[in-house]
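So the structure is just underneath, and the comments pick up after that.
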Amino acid sequence: MLLHIKELTVHYEGAEALNNVTVEVEEGSVVTIIGANGAGKTTLLRAISGLEKPVSGEIWFKGDRIDGMLSEAIARKGIGHCPEGRRLFPFMTVLENLKMGAYSQKNRAGIEENIHNIYKRFPILKERARQKAGTLSGGEQQMLAIGRALMGRPILLLLDEPSLGLSPLMVNEIKNIVTTISKEMMVSILLIEQNSRMALSVADYGYVLETGRVRLQDKPESLMTNDHVRKAYLGEEL
Amino acid sequence: MKKFGLTLMVLAVSLALMTVVPFAMAKEKPVKYLKIGCNYGLTGVVAPACIASKRSLELEVERINKKGGIVVGGQRYHIKLLFEDNGYTSEGSVAAATKLIDRENVKFIFNIGTPGLAQTSVTEPAKVLSFLSSSADQALLNKKYSIRVYPLVQMNDIALLEYISKNIPEVKRVCLLFKNDSSGILNSQILPKLCAHYGMEFIGDELYSLTETDFYPLLARMLPRKPDLIVTDVGTGAALMAKQAIEKGYKGFFMGTTLGADIAWNKIGDKVPDGRFLGPVVDPGSKAAPREIREMTKRYEEKYGKGAPLDIAYLYHNYLMLVVQAVKKAGTVDDTDKIRDVMVKNTWDLPWGKTRFVGKEVWGVDGQGIMPVFVSAWIGSKKKIKLLKVIPAEDVYPTFLKLFGKK
Amino acid sequence: MNKNNRIKSLLLLVFTIIGFLFPVIRNDPYTLSLLLIIFVFIVAAVGFRLIYITGRLTIGQAAFMGVGAYTSALLSLNFGINPWLGLLIGGIAAGILALGIGYIVLRVGGVYFVIITLCLAEISKLFWLWWRPVTYGNSGLIDVPGFSIASFQFGINKIPYYYLSLIIMLVALFVMYRMERSRIGIALHALGQNDVLAEHLGINRTRYRVLAFTTASFFCGVVGSFYAHYIHFVHPDQFGVMPSIMIQIYGIAGGIGVFFGPIVGSFVVAGLTEFLKIAKEFQPLIYGPLLVIIMLFLPKGLIGLPQMFFKSSKK
Amino acid sequence: MNAQDILAMVINGLSSGLTLMLVALGLTLVFGILHIINLAHGELYMLGAYCVWWLSELMGFNYWFAIVLAMILIAFLGVLMERYLFRRFRAIMVPSLVVSIGLMLFLQSSILLGTGMGDKEIEPVFHGQVTFLGTSLSLGRVIIGAVATVLVIAVILFLKYARPGQAIRAVAQDAEASSLQGISMNSVSRLTMIIGSALAAAAGGLLGPVFHLDYMMGFPVLLKALLAIVLGGMGSVVGGVILGSLVIGLVHSFATTLIGPEIAEIILFLIIAFILLIRPSGFFGMELRT
C-alpha cells in the first residue's frame, strides 16, 4: 500500500470538510476521487500534502505516518502535488518554475536530465522556456504545473482538477498525459476531477465523495454503471 | 516551551530591573528636604540631554548634601531631586507637573524642551516656579512664575555678529540654515533686523527638519546665492551641514547661535579651516570654561566615563545654584512669591557667570536671566574649541533692548 | 436579551458609576489627570477599531486629533471662539477632512492603506511645523484658553475636566457602540470579513468605510480639541506618527477583535507605562519587551486573557 | 536654472537614493516573505552603524573589516528575531506591528543607555572631494554609492540565479505552492532576515562616517524606506525598490532645491499618497505576489 488515509476528519474554516474518510492508493495505480464542488476533494489533497491539519485520523505513505509533518517534508518524501488553480510562480520563467519543482533534488545532472525529459514530453514548454509563467495559456500552464510536479521525481502525484477551464481538445490531451505518466514513468496518481467521465476512464479505482464522506467506492467500470453516479456525475438521464 | 526561551529571558531581565530600580531609588531617610522637581523627557527625542542633565545634577546634589546641605532661615535642608518622565509629550508634562505639585508639594520645577512648556498651565495657578529652557518667544510671555536662565538666541546673535563685524570685515552676505525648532523660528524672525543693524545683507533663510542628515539638496538651494556667513546652531545636525557645505565648495564662515556639544564640532573634523566656525559655546572640560563647570565635567567623566554630555545638561546647574542661593537669601523654601522677588531683583554668581534678570520690556515679566556670552571658534586641526572673547551681558543687552524691546 | 449580555450591561453600568463617583472617592489631581488623558486615547483607540472592522488598518488617527486641536485652538486664540463651540467645530473639521480624504484613500487596501495613513500622520505633523505664520511651528501654540461655564473657569483643579472628558468619552463610545450593533455595523463587519461578498450583498463598500472613517475621525477631532483646551498648549509633535502608533498599540494590545478591547488596552497599557515610570530612563527597556511578551502570549490582545484562563480550566 | 544646477540636483538625488536602497531592499524582502511590516528594521540600520563604531573606534579593527563583521553580527541578531518573534507572526500583520514597535523601543533604549549620552563618531576613511560634471561630492559618498550598487547587484544576482535566491522569489510569489515543491518556509524566511539585516547593517556602517550616529537615526530612514517600497510595489522582490529609492532621492533633492526643505518633505509624502491612489500596487509594481 503506497498511500493509506485512515478515517480522516478535517475542518476547514471552522466547518467540517472531511468526515471519517478512508482512501487507499496502490503502487502504480491511478485512483480518482469524483464529487461535486465543495465535497471536500481539494481539502483531502491539501491534507495529504500537509497544508491542512487533520482533526483526527491518520495518513500513511510508504509505511510512514505523514500527517502532522510540514508540507515541504512531505514533498521531499516523494509526493508531488499539482494544486488547484495550478499555482505557478507567475513572475518566474518556465525554466525557473521547473527548477523550483526540483528544489528538493540535490543532483545537478539529474535535474538537467529531468528537464530534458519534461521538454521531450511537453515540447511547448521548451519553446516557452524563457517566458514568464504568468503569460502562458491555460493549457500550457497546466502542462507546466504537471511538469513542475514531476521535476521532484514523485512516487505519488496528486492532481487537482487538471482539466478545469480547458478546451475539450486540451482535456483529451490531459487524459493522455495522465495515462503516460502512470504507465511510462511508473508514478502513482491520485486524481481529482469534476469531469467524472474523463476521470473514470483513466482510473484503476474510484471514490465518490459527497459532503465530506465517501459515498461509494469501486472499480470505474462498476461506478459507471451505478445509477447514482450516472445520474449525479455523468449527467445521464435515466 | 523551548520556543519561549528568549522571551522568558527578557522577562527575567525586566523583572530584575523592575525590582532593582525602586530599591536603588528609595534609600534616603526623611530629614528636612528642599524638593526640586525635574519634569524631564527621560524617554523620547530629548532623552540624551535629559539623562545627562539628570546624572550631572544628581552628582552635584550629592556633593551639596554631603557637605551638610544648605541652611535657610536657621533650618538645615538637604536637597532632593524628584525626576518625573514626561516622555517628551505635552500631556506627560502636565501630568508630571501635577504629580510633583500635588503629591510632593514641590515649589520648583525644572523643565527641558518645548512640549514641556505645557507645564506652565499647571505651575502658574499653583504659584510654583517653573524653570524653562525653550527658546520659544512666548515661553515667558506674561508668566509670573516662569524663569528662564538660558542663553537667549537674540543675545548670542548680537554678541557674535558684533564680534564678526569688528574682526572679520569680509563677511557681507548672511544666510540662515537652521533646524526648524523654536530657536530656528526665532532666528528667522530676528536675523534680518540684526543684519541690517550690523550693515550686512541678509540673503535668505531655510529651516530644515530635525532628522535631516543629507544637506546636499538644501545647500544646492542656498550656496548659489553666495553667502559669506551661514548662521546655524552648533548641534550635530549643523555640524553635518557645515561639513557637507564645505564638501560642496563653500568657503565662507559659520556662526552657531545656541549651545551644543563640543563633540558635535568634531564632525567637521579637519574640514572647516581653523577659526571659520564660531559659536557661543565653551568646551566644558577646558581651561576656558568657568571653574565650576570644569570641575563638574571632571566629576561626571570620572563616574560615567568619556563622552561628555551636551553642555545644555550643565546649564541646569545654573538653575540649581540659582534656587540654592535665592532660597538662602529669601530665608524661605516655600514662599514662591518672595523667592521669585528676590531672584529677579538681584545679581547672582552662577556657574556660567554673573547673571541678572531682565525682560519686562519684552515679555511683561522679568523672567529672563542674562549672562556673559562666550564667543569661541573651532580649531579643527586640533579638534579644540578656542575661546575668543567673553562678552559681558551688560555690553549686549542695550542693543537687544534697542532692537527687540516692546514697540 | 440573553444572560451574557445582561452581565455585560451590568458591568458597564457599574464601571460608569465608578467613573462618575471616582473624583468623590479619591480627589487626587494627578490620578485624575492620568485618567482623563486615558479617556481621550480610549476614544481614539475605539475609533481605530471602528475603522479596523471594515478591513482597514490605520496608523494615522493622531492626525485627526491634531486637526481638531489646531482648529479649535486657533479659532479661540485668534477669533475668541468659545472652546465649547470649538469642541464641536474641531470635531466637524476633522470629520469633513476625513470625509474628503476617506473617499479617495479608502479605495486602497491592505498594507498600502497602512502606509498611506502613516503618510497622513507625517504630512499633518510636517504641515503644522511648516505653517509657521499661523501655528508658530515647533514653538507650539501657547496659552490656549480653557473651558468655562458662565464665570466659572475650569482648571483650578482637575475635576471639571475629568467629568468633561468622561462625558465626551461616554458619548463617543455610546455612538460607536450603537453604530456597530446596528444594521450599519453588520455591513461594516461584512466588509471586514469579505469585501467581494459584501459588494454582492449590495453594501456600498466605499460609502460604508467612509462612514466608519468619518465617525472615528470626528470623535478624534473632538478629543483633540478637548486635549488642546485642557493642556492649554498645542505642539506638532503630539500629532505625528509616534502618537498614532501609541493609539494603535492601545487598540491592538487590548484586543482589536472586541469592542471593549481598546478600552481595556488603553487602561492597561497606559497604566503599565505609568507604573514603569519608576524605572525613569530605563522604562523603554522594560516596556518594549513587555509589549512583545503580551503579543507573543496573547496575539488576540489582553481581552483574550480571561478567555485563555477559561479555556485552560475547562480542560 | 541652468543645466549645471539640474545636473547637481540629479547627482544629489541619486547619491541619497542609492543609500536608501540598501535599507529598503531588506525591508521589502522581509515583507515579501513574512508579510509583516517590521518597524524595527530601521533599528537594524542603527545597530549596524553603532556596531561599526564599536568595532572600528573602540576595538581598533579596520573599517571595512568592521563593516563585514557588523553585517555578520546584525545578521545573527536578525536570525534570532526571526526565529523567536517574527516566525510566529508570519502573515499576521496586526500583532506583529506591536511586536516590532516593542522591539524598536527596546533596541533604541539599550543603545542610548549602553553607549553613553555623548555623540559618537566613526572616523571617515576617505577624505577629499570629487568633482563630477561640475558638481562637488565627497569621496566618501562616491565610495558608498559604489559599494551600495555592488551590494544591490549582488543581491539581485543572488535572487536571480542562486537556488536559495530563486526559492525566496518563489515563496514571495506563492508560499503554499513553494512548500509543495519542498522549499522550506522557515529556512527561506531565515535567509531573508539574514540578507535584510546584513544589508541594513551595511548601510548603517557605510553611512556612519558620512552622517552622524544617533540612537534614533533608524526611524526617519525606515519611513523613507517604507515610502520607497510602496512606490516600487510592496513585496516586490527587486524591481521596484531600486527605482522607488531613486525616485524618493530625486524628488527630495529637486523639491528641496527648488522649493525649500520643509515643504519638500510634505511634497514627498503627498506624491507617494497620490501615486498609491492612482496605482494602488505601487508605481513600479512588477513582481507583486499573487
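Labels A, B, C and D are assigned to the chains in the order they are written; within every chain, residues are numbered from 1.
In this text, a contact is a pair of C-beta atoms (placed from the backbone, for glycine too) under 8 Å apart; a residue touches a chain by one contact, two chains touch by 3 or more.
Everything numeric in this text was worked out from a predicted model, so none of it was measured.
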| item | value |
| --- | --- |
| Intersection of contact partners for chain A and chain C | D |
| Those chains which touch chain D and also touch chain A | none |
| Longest centre-to-centre distance from chain D, chain (CA-based) | A |
| Centroid distance [mean C-alpha coordinates] between chain D and chain C, Å | 32 |
| Geometric centre distance via CA averages, chain C-chain B, whole Å | 35 |
| Inter-centroid spacing, chain B versus chain A (mean Cα positions, whole Å) | 73 |
| Touching two or more other chains - residues of chain B | 7, 43, 45, 47, 51, 180, 207, 209 |
| Contacts with 2+ other chains: residues of chain D | 109, 112-113, 262, 265 |
| Sequence positions of chain C contacting 2 or more other chains | 126, 129, 281-285, 289-290, 292, 296 |
| Full enumeration of touching chain pairs | A-D, B-C, B-D, C-D |
| Chain A residues touching chain D - in the complex, by the definition given at the top | 49-51, 70-73, 75-76, 80-81, 83, 87-92, 96, 99-101, 103-104, 148-149, 152 |
| For the chain C and chain B complex, residues of the former touching the latter | 28-30, 33-34, 37, 40, 126, 129, 132, 136-140, 142-143, 146, 155-156, 158, 227, 230-235, 237-238, 243, 273, 276-286, 289-290, 292-293, 296 |
| Chain D - residues contacting chain B, complex | 5, 8-9, 12-13, 15-16, 80, 84, 109, 112-113, 115-121, 124, 127, 129, 136-138, 207, 211-212, 214-217, 219-220, 252-258, 260-262, 264-265 |
| Sites on chain B touched by chain D in the complex | 3, 5-7, 43, 45, 47-49, 51-52, 180, 206-209, 211-214, 216-218, 220-221, 224, 236-237, 239-240, 244, 247-249, 261, 263-264, 266-267, 269-270, 304-310, 313 |
| Touch list for chain D against partner chain C, complex | 31, 37, 39, 85, 88-89, 92-99, 101-110, 112-113, 223, 226-227, 230, 234, 262-263, 265-266, 269-270, 272-273, 276-277, 280-282 |
